[in-house]
Structure formats: structure tokens, C-alpha cells
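Read from first to last, the chains carry the letters A, B, C, D and E; within each, the first residue is number 1.
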Amino acid sequence: MTQKYLIPLTAVFLLFLVAYAGAGAGLGWFFGIVFPYLAVIAFLVGFVIKVMGWARSAVPFRIPTTCGQQKSLPWIKQNRIDNPDTASGVFIRMLLEIFLFRSLFRNTKAAFNRTASNRITYSWEIFLWVAALAFHYAFLVVLLRHFRFFTSPVSSWVQFLEALDGIVQLGLPGLFLSGVVLPAAVLFLLARRLFDQKVRYISQASDYFPLFLILGIALTGIFMRYFTKVDITAIKEMTMGLVTLSPTIPDGVANLFYAHLFLVSILFAYFPASKLMHLGGVFLSPTRNMANNTRAKRHVNPWNYDVPIHTYEQYEDHFRDKMIEAGLPVEKKE
Amino acid sequence: MTLKQSLTQNHDQLLKKWFQATIDTYPPQSARILGKDVDRFDNPVGAVTRETLEDVLHLLASDYTSDTLEKALDPVIRIRAVQAFSAAEAVSFIFFLKKIGETVMDSAHTREFDRMVDQVVLAGFNRLMKCREDIFLLKATESKRRIHAAFERAGLVKELKEEDLLGSKKS
Amino acid sequence: MADELTPDELLDKIDYGTDSGNWLDTTKSVQIRPGMYCYAAKPESVETLGLPNARSWNPTEEDWKLPDNWQQIIHDGIKERLEKFRTFKIFMDVCVRCGACADKCHFFLGTGDPKNMPVLRAELLRSVYRNDFTTAGKILQKIPGGQRLGGNRPLTLDVLKEMWYYFFQCTECRRCSVFCPYGIDTAEITIMGRELLNLLGLNIDWIATPVSNCYTTGNHLGIQPHAFKDMLEFFVEDIEDITGVDCTPQFQKKGADILFVTPSGDVFADPGTYTCQGYLILFQYLKEKYGLDVTWSTYASEGGNFGFFTSHETMKRLNAKMYYEAKRLGVKWILGGECGHMWRVINQYMDTMNGPADFLEVPVNPITGTKFENAKSTKMVHIAEFTADLIKHGKLELDKSRNANRIVTFHDSCNPARGMGILDEPRYVIQNVCDHFYEMPPNTIREQTFCCGSGAGLNAGENIELRMAGALPRATAVKYVHEKFGVNSLCTICAIDRAALPTMCEYWVPEVDVIGLHELVGNALILPGEKERTEDLRMEPLPGCEEEE
Amino acid sequence: MEKSRRRFLKVAGIAAIGLGAAPAINFAASDSHGPAAAAKVKNDTALHAERWGMVIDIKKIDDNLARKISLACHLHHNVPDFTHEVDTRLYPKTRPVNHKQEIKWIWKEKFHYAFPDKEDEFLNEKFHHLPFMVLCNHCKNAPCVQACPTQATFSREDGIVMMDYHRCIGCRFCMAACPYGSRSFNFRDPRPFIDETDPDFPTRSKGVVEKCNFCAERLAKGEQPHCVEASEGAIVVGDLEDPESDVRKLLKEHYTIRRKQSLGTEPSVYYIV
Amino acid sequence: MTKNMIMGGLAVFVLAVLSPFWFNMVTTTQAAPEPELLGPAKEAKKCVLDTYEMRANHMSLLDEWRDAVVRDADRIYVAANGHAFNMSLSTGENSCLGCHEDKAKFCDACHTYTSVDPYCWECHTNPKEIE
């Protein structure tokens, strides 16, 4: 049981050491140039193959999970979002699902007891939703902020995002909120897997690995920014070299940065082969992205085929005498 | 201090430990959910167990008969009777009370308390048997209601055999 | 559930340890417990439809008499379904095991068996999928311990047995799907799992036999045409006793306006029979007042579809009869009775499988003129929609006081709630035929409704412990309104509910009756020319007509 | 310094802990590079005091001198004047001026405003026309210091109530706490309203409170505050704890009053009347 | 969801992932700056810390300084290399800008390049800008 998380933890730690020591031993070109390129290729190719694979599978039936009143009689109020019958309703449902994790939010309602009928308790589950939301948004902000290393001059939207993320203006270099929220959320999700018996029971090594990996990425990044400090002008020279396809290894790039970049590359390469593909899957789930309108509009199954049925004729042949005797109408009197 | 006073005094502690011990008869992955103190509709097993144990403790601290004990125990036994427990497992949670009593209450009361728990256990066994009988009765009446009753009313029943009513065990 | 323990061990269990192993381990053969499983399908039933591997076998025996190449069959079956169903493929890939679904399953809540968490039910198949169909799985296979690391496992007999055990402990109610951030529908996975098991002939008898009956005789119970007619005529007699009006229905009438199809449970099983009488009264009323021409059919005499619990193909084969008969009789459209999974099939599958129904007309209520826009392609209307429309337009004369002794709550059945969304129509009808209506707590109704614990073919007798445990969450809510508002009638629009919930109530809340929506309508509806009623459809005295003591 | 930082951290919360520790880690690391550790020291010429205080001889000040004193202070501290016409070439986006906004460090006040508790129906008529120069009193028990949630306002060891503009979050609790109205708030970016920027002193930014700093930057270089220099001897600063100091001598020789003494804030600015 | 929609979405996603690459192809890219040492700095040759440390750590040093100056009234920094500096960003000869005269070439070049926008200059003035 413990190996489920100890092995991934050790793996992330070893990966870090490999890159840190490797860069120190003069393999910067590998960890800084070769592997990142390979990782991006693996990520894109893997992602595309996976999604194309999903797309190739048919959607034979229209089976949305309906979570509200259907469209029926004109005077009955339809729940257009939870039981959409139009594309626009589906669009809003998906929007809420993707940006606000609406289904997960359903978990979080207040509850009431026999004894303390007026006491409102929030279950542990609201924190799952909060942490999931915090984690994904913080990750997105962190990711987008890194565009300052890929554009020169830096786009204004990146600067705006940085200003927003650094709005507390605390310390020098200024604190980014996402840098606090991301590790905190990851730690919560990790703690949940470790200490909540039921989640611990269902968790696999492949659930722990991405968490440790992301935590490793976040911590190396945070260390570079706030603690050990690195020369970011040199680092940007290097990243710009990568994205302009003229890679260079400038002087003064810290080994810690190679470790950071290597862990990121691992994440990218690992992504398509893992559960992280829920990034793509959330858009494609037929129980959410279809309208509940099959009774009004025929849905076609591309592989629909004819099946043998027990026809009325066979039925009548079988029961004709009894039917006639009972006075039931028949096609053939014989 | 009499045993009953001691029971009232230690009520909260007894209940807490007894509830936890009872819930721990489930696999730990489930026990966490069943043991949580939230919505009784989202977690009926946990809620009913807690409420029943509380009622039983209250009863022990006041006047009780084997009848009232049985009645008080009913909700939790009724649940355990349909879960995949053996008869021993289903009532085992009552025995836990002895051990908990030792740790919580004055040792002067131990023997008296043990005897009290024995009575609860007997009531529990009685109730378990009743619940199991209920279940067998339900099986029979259900299949009857399902087809038999309607057929019978319509005078259509001719050859329904016992085995047909109870399913297809022989297959 | 935990392994069997001796009493001594149990008593020492107060300080229960924390770690209890990896669920992937099936070294100890899965424990198939009496009371929690259904008997195996009889070979005759499996043979009727020509399904593979019909044989006599017993789940509790070591040898399941599987074909030699069973692993290959399952492997190919999974492969085929991955291509045919995007749902299946995506649901295999994207689960992050967040655990949001875990405590949403009534079977998990009721039995406390951790493998009843929806996520683990799906993982039964997913672990095999990961092992056999993903690159990562194939790589990990080569590393010692790699399978464990990836949560993969090869398809062994124990895994198969576990799949069988737990896929027949799922009622496909979709409650977990409501809470899943990716909309993963464990019902869909159960459907696939059962299809796969059916490839090996591993069905249960409570599904296989109704399917076989339905195929040949027209309904699940295997009621032959004359007996079907007799039953309805018997109801007609009863109604005549109660109301003094003859409600004789028509059978197989060519050129009728509407073909009516309802689950055969309504015709043969109490208390569904009273609902059936309600239909008869309603149709008689409409015929007398407005000349509505409704016909029944003994050929398409089953609305329910246990094929849905077997495989998509079987579902289609059984479902085809409705359109086939409607076409033969030349009716305008089809009206469907109160049923759960029947409506999920009609709403989500029927038109796609057996349509287009271009030989029918877009359903219009001839009495009110309402066009059922939402059913314009399938051409099939739910009777709750139909009755609600009639009531809204004031076309029914109703005497609510006849239901005054009924304090009603409404149980949303899983399939209409989460596979269709018919929530407010039945409530509207109830409120127009009864005085006292109370809702159960909000987290147990509408899309969050709890299953009766007996759906998807699990309404057998031998698994009654499982059913009662699964019904516990529903029962707790019923008990709550019973104690708080004195509720004595649990109304539902599902035939399986009407069959399963009385048993549930008897065990958990003995004072509550189960009642169909149209039984209430039948009681309240004032038939033209009726005598003064003193009894309700159950032949119990109406409120105010109780005998003086 | 470590002490005050630690106290600040308690306030600033968990997020800041990492940041606050950051420089400490750095310098532990960078120190090891050189043979000798870096040191931070004071200027040799810096003026010291146990507790700085000020005595203002009102009799020596007329309106003209008062204006001069204010101007000297405000000019050198880049105090904005919102009546100043903005150079639209340099600051094209600046909105029109709101003359109600005002920022001041030292200014002339009427007696009954400066000393409301000492007002008297039959008070000598002359008091009503005297220009009382008021400024931050650098109280011994400064209520503004207690009010500040980030410790941007703090009491220095030498008694000066200082502001660390870097830390000011603009909550204005200090303004509410100060009984003397000695503090002003920058409702807008002050830069466009500074006629001539003195490069030796920073400006402030929008959303920051400011006030007299006792010319701490001049004391550090061994110079007298601007107001003292401009006052032609009417204002004297010195060590209140040193019996031999100029201020103590003046206090001994003259009857002096302090503003709102009953509040117990113990102002360090004395007035000879 | 139709295949076309999925392919469309996938194409958008791939383009987004590759945006750092194509964006730099379609726009002109600014090269990495080389900070120039001018005026007194060119002659002094010795700064507070060595070059790499300064490039990586100057912000922390400034953070230390501002606390020392404002809170402790210490204004002189005697560096590990023995030189004494005025702990000031912009005032006096021995301050940062006193030595590195050209803010645009010394500070801003790298800050702009790496999108670092310190709020120092909201209050502290560049003596050169004041006519």
C-alpha cells in the first residue's frame, strides 16, 4: 500500500537529482535542449493521437445525464442548463462544467442532522471543489505567466497577468499569489489521497506521481524565484533560443533551472499516457456535451445494424388459436 | 454513585467510543464515510447507528425491559441484518460495550455492567432473528404479490410450484 | 466486505488497523455471498435469443464452465466496444479517481462494501483496459511490479468473477454520474460490463428469463395473449364493481388514434395493477367524453425492456416491437405508461435504434390540441405528460377528496430523473388529484434521487439482503417524511419501483404504501355515469365512507 | 532589526514567512563568499539623540516666516501641491485637480484648532492671530503606531515616529488614530503635482499616507531639519533626554505647552507662547 | 460532438501549445540585452557583490537596504570586499544610480527583457529625468 506513493515520490526525487547532477556534469545541452524538444513532441503527438482515438469512436446514442426538468409542455419550466435541449444550453452547461467544475460543486451543499437541525456543516467535499478549482486556476496562471520567457518583447497581457497575480505587492521579488495557491492546493489534494481512507483505497501510483511531479515543479520554481535566486536574463536567453529554434546554452544558467525544466518536460511527456488527459476528455464526455432532445430530433447511430426480431406474424402463428378463442383480432383466421 | 448515574455521567464518552467501534466493523475505506457526522440522508448507516446507540444508552441509564431494549436496538440491527455480516458479526458491536465500559467507568461497576450488556446482547440476538425472519417472509410474500396474487384473483394460477416462486435455485 | 471473522477476532477489533491492502489483489477468490447475488441464467432463457454460451452454471461453484478462449472473447469484446462507444473509451481514460462519486452510490452507502464505490466498479474494467489496451500498460507489464504500479491487472478468473459480482450489484441509476466532474457514467460502464459478461453467457436469471419471455410472448412474465386479455377484463369487472362503469379496453385495433404500451408489471403485479386500472378509467373517460380511441396490444404488451440490462443488441430486439406494432395497426402515435427504464430506452435509444418512425404522426393531444414538440421524432408521449396536459386544460373532472386519506410523497425513479428529466409533470398531476403532498429532503429527490435498490434487473428474491441494503438511503428519506408529515403513500412512476418498494417499505417503514400516479388519478377521476363510489381501487373504503363501528 | 521584522511577519501571515526568510537565507549564503561579512553602519557625522524633541517659539514667527518654513519642508520632501497646474506634456493622462485634497507636513494653524482644550472665552486676543506651526508630534505613545496593521508606521529608537512607505497599504487606520491630523493621504499619484522634484528625496505613490519624518534623512547626515534651518532660530531640535541640550534649556527657561496633553500621547513638540 | 468540432478544437489546442514557436516567427524578437557599464561604474570595477550574485540577487540586497535605512537609520553598507556604499537607490554619489548613471541602459534593459516591473520607480526618482 505504501509503495503506491513512496515509489512515485522517490521517482520524482530521482528525476530531480538526475537533472541537477547531470547539468552540473556538463549535460546541460541534453536537459536544456534535447529533452525539452522531445517532450513537446511527445506531448503533442500523444495528445493528438489520444484525442483522435476518442474522436474515431462513434457516439451511437444520445445519453446525457439529465440533472433537471426536461423540455416538455410549454408551461412547465425547463432547466435549460442541466437538461439542455439546444446547443446553446449544452454550451452553457459545458462552460460551467469546464470553468467552474459544476458537477463537483454539487457535492458541497450544506447538510443537516437530527440533533442539530439548524447547524450547517460543510463536508470535507467542499474543500475538494475549492482545492480543485484553486489548483487548476493557479496552474493556468503559472503556465501563462511563463510566457514572459517565450516572448520578447513581453506581451502586455502577460504583464497584466503578472500585475494581477502580484497584486499584494509583498516582498522583493514580489510575491505571486499563484505561487502560494498552487502548492497549497497540491498539498491538500495529496493529503486527501493519503489521509482519507476511501480516497487512499482507490488511489494508484499513477494518481500520486503527477501530484508529486507538479509539486516538484512548483517548488523548484519557487526556490529559484524567492530563495536560491538565479540569473533570469540568462535563462530567458536560453528559453528564447528554444522557442526561436536556435537553441543556445548561455553562461550562468543555474543547475536548479535544468532540474525545473526537466521535471516540466517529464510532465509534458507523461501527460498523454496518463489520467491527465482529462484535460481533453472533459470536453468530450457524451453525458455532458449532448442535448437531451432525442425524442424531438433523431440521433443517428453510424453502426446501427438490423437485428432479428420476433415479428407479429411469428407471434400470431404461435398463438393464433388461443387468440381466436379469446376473441382477439388476428390477421389470418387460419 | 450507582451504575446508572455513572452511565449518565459517561454518556458522551461511551457513545463516542461505542459508535466508533461499531463503525469500525466496516472496512476502513467505508468506515470513514459511514462515521462522518453529516447529512443523515447522505449517510443513513452512520446516522441511524449513532441515533440507535444513543437511544440504547439512554435506555440503559433509565428503566428498561428486554422488550424496550429490543425495540431500541431495532434500527441498527435491521441494517446489519441485510448487510453481508454473519450473525455473530451482526451483533458483535454490542460486546464492544464491555471493553469500553472497562476503560470509561469505575471498575466497581464492571460486573454489573457486564451483566447489563449481556441482556442487551440477548435482546440483540432476538431482534436479529426477527429481522431475518422478516426477510424470509418478505421473499415469500413478494413473489406472491408479484404474480401470484393477481393470477389468483383472475383464476389463472394453475401450476406455480414453490421453486418457481423462490427463483431458480436448482439451475 | 471484510473477510469472515470469528467472534473472538471481532471482539478484538476495536482498534481497527488502518491499512487493509490493495483492492487489486484478488488472491483470495472473491467472496460471492448469499443474499447479495442473483442466480445464474437458465440455459433455456439464454438460448431463446440465440445468445452465446448457454449452459447451466452456478456462481458459487469454483468452475463457471467458461469457454476455453474466454479471455480472448472478453478482450475482443472490449476492443470492439472501445471502437463503437466513445463514452466507454473516454470513461476508461479520463477518471482521475477524485472520489466524488464514492459516497453517492446507494449500494455503497447501504452495504458498506468499498468495492461498491462507483469508481472501483469502473476500475474493475479499467484495470484490465489499462493492462491490455494502453501503451503505458504494455510497458509496465514488462517491469517487475509494474502492473501494480499502474493499477493494471491481467484478466484472470478471479477478476472476471469480481466483475460479475459487482456489475450485478449496480442498478445503473446514474446518481454517481451527476457528481462526476467529467460526467463519467458508471451505468454506462456497467452496461458494457454486462454486455461483456453476456458474451460468456454470464447473465442472471432474473434478467435472462424475462428477456426470453418478452421476446417470444411479448412481455416479461410470459403472459400469453388470452391471459393478458383476461387480466384486463378482470380489472374491468373490478372497476365496474367500484364505479358502475364499464371500461373495457380495445386490443390490436387497427386505425385507433393511439397505441398504449405499459410495462407488464402493471398488468400482473400488485400494486401496479391498481395503476393499470387507473389507465383504464382514464381511457374510458376520454373515450366517453371526447371520443379518444386508444388500443392495447398483446404483442407489444411490454413497455419495460430487460434487454437494456443485457446488451444493446438485445435491447433493440425487444424494443423493435413497439414501432412494428404501431405501424401494423396504423395508429397516429404511441402513449407510454409509467415505467422507469422503459422511458430511458424510449428517450435515449428507441428512435436511434428502431426509427425513424416516419409512419407515425407528430403527437398531438386530440383533446387539447397540444402538440408534443419534445416527442416529435420519437412520436411517443409519456402518460404523465399527457395527463398533465389534460389537467392543465381543465379537461378532467377530478374529485380530490377521494384521495384525502393519502398523504403522498413522490419518489423520482432513477431513469426518468437522470435519463430523461421528467420531474415536474408527475408532481403537477399529484397536486391536482391529492390534497396532501410533501417532498422528501432535497438531496434525495429529483436528479439526486436515491434508487429503490432493485433496478436494472436486480429485483430478484435471492438477493433480497442486497436490495434491502441498497434501499436503505431511499427508506431513510421516506421514514423521515413519514415521521414528520405522516406520509403514508409513496407515489412513483416506475413499475420496478412498484414491485420493489413495497418490500422495502415493509422492512424499513412498514406504515407506508406504494402507489402509482394513475392509481391516484383513477381514484379522483369522475367517470360519466358513475355510481357513488364508496371504495377506492384497492377496494378499501374511501375517506368518509368507512364503516361505522 | 530582526526583531521588528519578526513582529511584522506575525502580522503579515504565512505567505510572507517564506519571503521574509528569503533575504536572510541569501545573505547567509552570500556572506560566505567574501572573507569579511558585510556590515551596515551609520554615517560618522550622524546626529544622535535618546529622544528627539522640538521646541517652537511662536513669538518669533510671523506669517511670512511660517510660509517660508512650510515651503522649505515641502519643497525638499517633494510634498505635492494639488493647486499646482499640471504639465500636460509630461503627464497627459492626469485628471483635473480637486482642490479639496491637500497634503502637508508642517503648516500654520489657528490657536483654537491647534489647542482646542486650552481655549478660553477670555483668552488673550493675541493668541488668536499667532501662527502656530503644527506638524507630527512624534509622540512617545504614538496611537498611529498602534493602529498600523503592517507596522509601516513605527517608533524609532531615537523617538522619531517614522513611516516606511514600502509597507503602507493605504488602510488609513493611522489617520483615524492620530488626534492631531498630522497625516495626509495620497488619493492620487502625487508626482504630477510636484513643481520641482528634489532628487535627494523620493516621492510617494498613490494610496500611501505621509507625514513629517523629522528630517531623519538630514539628521543621518549631521544636518539640521529643513524647518529649523528656515526658521531663523524660532525652531530648535535636540535631545529631550539630555539635560544639557538646547531644547532642555529652552524648556527650563520658558513656559511651554504641548498639544492635547490630556490624551497622554506625550508629544515631543513643545510651543513657547 | 461531431468529428469536425473535435478536430477544430484539437487544431486550436495544438496551435495554442505551439504559440511560443510561431509567435516568435511572425514577430520580431528582441535579443537578450548586455548591460553596459558606463561612467563611474566603468572605472570602479567593483560593485557590492560579484557579477553573478548581483544579477541574481540585487533585489534581495535592495530589500535589505531599504529596511536598514528606513527602520534602523543605518545608511552605509560596507561590502564584503571592503568598499563602502551609500545604501540608496538614487541619492548621492555612492548610490546605485550615482555609479550606474544610465538607468535605461543599466536597469531597464534587463527588466524590460524579462518583464520585471519593480515599483521602485513609482517613488524613487532617476536624477537624470529631473531637468
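One rule holds for everything that comes next: contacts are C-beta pairs under 8 Å (C-beta built on N, C-alpha and C of every residue); 3 or more make two chains touch, one makes a residue touch a chain.
These numbers come from a predicted model, not from an experiment.
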For chain B and chain E, the touch-path distance in steps comes out at 2
Judged by C-alpha centres, the chain sitting nearest the middle of the protein is A
The chain whose C-alpha centroid lies farthest from that of chain C is chain D
Whole-Å distance, C-alpha centre of chain A to that of chain D, is 54
Chain-centre distance (mean CA atoms) for chain B and chain D, in whole Å, is 76
Taking each chain's centre as the mean of its CA atoms, chain C sits from chain E at a distance in Å of 68
Chain centres from averaged Cα atoms put chain B and chain C apart, in whole Å, by 29
Flagged in chain A as touching 2+ other chains are 54-55, 59, 111, 171, 196-198, 201-202, 229, 280, 284, 286
Among chain E residues, those touching two or more other chains are 57, 60, 63, 119
Residues of chain B that touch two or more other chains sit at 28-31, 33, 39-40, 42, 47
Given the complex, residues on chain B that touch chain A span 28-33, 36-40, 42, 47, 51
In the complex, chain A touches chain E at residues 40, 43-44, 47-48, 51-52, 54-55, 59, 147-154, 158-159, 162-163, 169, 171-174, 229-234, 236-237, 240, 243-245, 250, 252, 254, 280, 283-284, 286, 289-290
Note: in the complex, chain B contacts chain C through residues 21, 24-31, 33-34, 39-45, 47-48, 78-79, 81-86, 88-89, 92, 95-96, 99-100, 134-135, 138-139, 141-143, 145-147, 149-151, 153-154, 156, 165-169, 171
Listed in rising order, the residues of chain D that touch chain E in the complex are 1, 4-5, 22-23, 26-27, 30-31, 33-43, 46, 154, 156, 158, 162, 164-166, 189, 197, 199-205, 216, 220
Given the complex, residues on chain A that touch chain C span 1-4, 7, 50, 53-63, 65-73, 75-77, 79, 82-83, 85, 97, 101, 103-104, 106-107, 109, 111, 125, 128, 132, 192, 196-199, 201-207, 273-275, 277-278, 280-282, 284-288, 292-301, 303-304, 307-312, 315-316, 318-319, 322-323, 325-329
